[in-house]
């Protein structure tokens, strides 16, 4: 793979089934390929804070014998301009064209983390920053979350479901939940995109006005009745996102959508999932997160497996 | 050791004498065990700035062959909530419960650095943040300074005294000194706790109102007469702390308490110690810090030895 | 070399021709000496943001088998006092004397990055911070850019010119260009100093009032006629700097000085150089930077070669 930015890169590359098999192998035996990344450098550019992505990707690189260099745009380094053709007379000191190309000189694989600005839907959904970075980097690029997707998270989510499911085709529910701030749709988009290619019954539930972009959910079952959605579910995946149609707006902070123990009891003893960080008692009640349903920590652990699998495929292709 | 947060963890573990012997061995031969940490990852979480702790602990890990991942809460990563049961609708994006548990999935040993808030004495002295982190981390934890103690510093201080003492039982003085800001009692508490178990004559001197918590100093000789305390001293350990009784308050910035050359001449040619960073000409005059008395740089160098010894014990226990 | 802060350290050390030969060898074979830095630690202290210097120096250290520890003053660590004799009652928590000496205990070679304050010309041109750091570090120090010079950049620039020149003695033009903020003279000073010792015809062009410090440009051809300077040039090196005589002031933002394609056509098909980060359409038009003239990315790539050569020399001297 020359890039890993969405499930499409896996499908057109190793194939989803093959990637999943590799992932389960690495989960069982993390140190299986300690030399494959020898003398290769992974560069990670963060334009936003990160705990899991930062640490799990570093750890994945270490397991493969790679060296890692981490750069925080704006604190470690310069603030980046991402628009084309502008006169750079403002706060941004460097254009992403140069930043990407230079990092590509120092690293064999690059990762970039960027968030949706939530101001300009077209700019976000065209993935201007990510695509610009890929275009100028000159080396393979892995998305560490972009404006509209979080593929390393979604792959970890799939690994989690595959290893914890108790029936061949589990029922998976993605539920919106309240949050104090406007968040991107990336995790929800990405999770939907992956679930629609997985062997699961997938249903999305959210309040009125929170429909995700059609390109990510076409054909998915959507309901505004959260309780009906929960019935018989095997996995509850909670996430907040801001409105796609009324772009970037918070239309509701309705705490009736918080995931509670009472709601979990409607399910088929479902596993509770969230990508973290999670707002306790907004997204989900303490009783759920601290109770037997929660698999969020194992899910976070699978971030290492997810990243390691993708890096392994990229390293193998570099070695050809 | 499953945790290193105070001298009690050494006493109930390898024993202080044994730890000190190991430390002196490692000081003489830093690369003695370059493989013991192979394929083990140390994660360091900083909730406050740090130079010595950050670098010395990384160096100690490198000497043992460990990989290190460093995370700055609030800049690299999310701001953390530390209270239980709250509705997380404010600035904090992640609860320390999840942060600790997730880091524990990625790392074999964790270190955490946190300061006293100096607002709520009970919260600080119950070590809410440190204990919460330990409870949820699921892996051994080393304190990189907590609200009430700085054990890696105190162990380095003991190593410094052991290697530089010129008599079997030296006189060691802990003196308060002025500082422009309100500082925690952690270093002073911790140093007292260690000195009271060491083979030294220990005396504390500070202005009225600056008594440390009784649990750390019970049985220690305390005087408000700094000059009397200095007489015949072999080691002068200067430190500022805010009031424990009038919690977190600055009761004095009296520059008569600054350590000067004239006061050092009252001593038995004492060594001058400070944990650093030090406010020159507030805590101590340039003439002392730049003069023959100062051993603050060697003391800082011993931070590597201190951290390496503790990591070595933890790694050995992991290997069992 | 015990220090690398200017071309003088190379001239009085290995000699410029020898350093250049080593550089070309390392450029061709980066992994030639993967063991020379084994068990040696490089410490990098940044008092300002950095992308190229940070990453290229880390990469150079990795290529030589060194471990690296990076510290950002003010965010990772404490803010540093650099003046002598002051009562430290303000914002700075630690004196550079202690910071340097402590880092010297943890590292075998140190790098420091600092900028001109542009307030006090004497302080900047006396290199107070850099020289203080070197004085107290106790280990070899490499400048990662200082108030008045950027030697790793200049050496990379020389490598770039040497490898891309199409005649034995090319014409090299340093041209001032507009920028929205007041910048140090360091890169321009340093480039001048190096070019005057290189086998090139060197000419400087800038608006009235932008003469560089005489010590860096004595004997150089200087003109205020940018177009005349560009005629027949083989290399155009663009850079903004604030006034040296009217110290730290912006005397002009005249966009007539921006490097455009039309101006590049006056040259002998010159290569366009800039140290980056570059303000697009202020310093240089998109058409130049994205056109066939630009070698800024290769120039940035040579930063690894430059740093690796200097570290190699320092490591060899440590091994003696």
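Per-chain numbering from 1; labels A, B and C assigned in written order.
Note that a residue touches a chain if its C-beta (ideal position, glycine included) is under 8 Å from a C-beta of that chain, and two chains touch if they have at least 3 such contacts.
Just so it is clear, the model here is predicted, and its values are computed rather than measured.
Novice: In the touch network of chains, how many steps separate subunit A from subunit C on the shortest route?
Specialist: 1
Novice: Same or different for subunit B and subunit C, when you check if over half of the residue numbers at their contact belong to both copies?
Specialist: Homomeric contact, different residues on each side for the most part.
Novice: Nearest whole angstrom, what separates the Cα centre of subunit B from the Cα centre of subunit C?
Specialist: Those two chain centres are 39 Å apart.
Novice: Considering subunit C alone, which of its residues make contact with at least two other chains?
Specialist: 75
Novice: For subunit C, which residues count as touching subunit B in their complex?
Specialist: 39, 41, 43, 67, 69, 71, 75-78, 81, 84-90, 93-95, 97-99, 101-103, 105-107
Novice: For subunit C, which residues count as touching subunit A in their complex?
Specialist: For this pair, the touching residues of subunit C are 31, 34, 46, 49-52, 54-56, 58-59, 62, 72, 75, 180, 276-282, 286, 289-290, 296-297, 300-301, 304.
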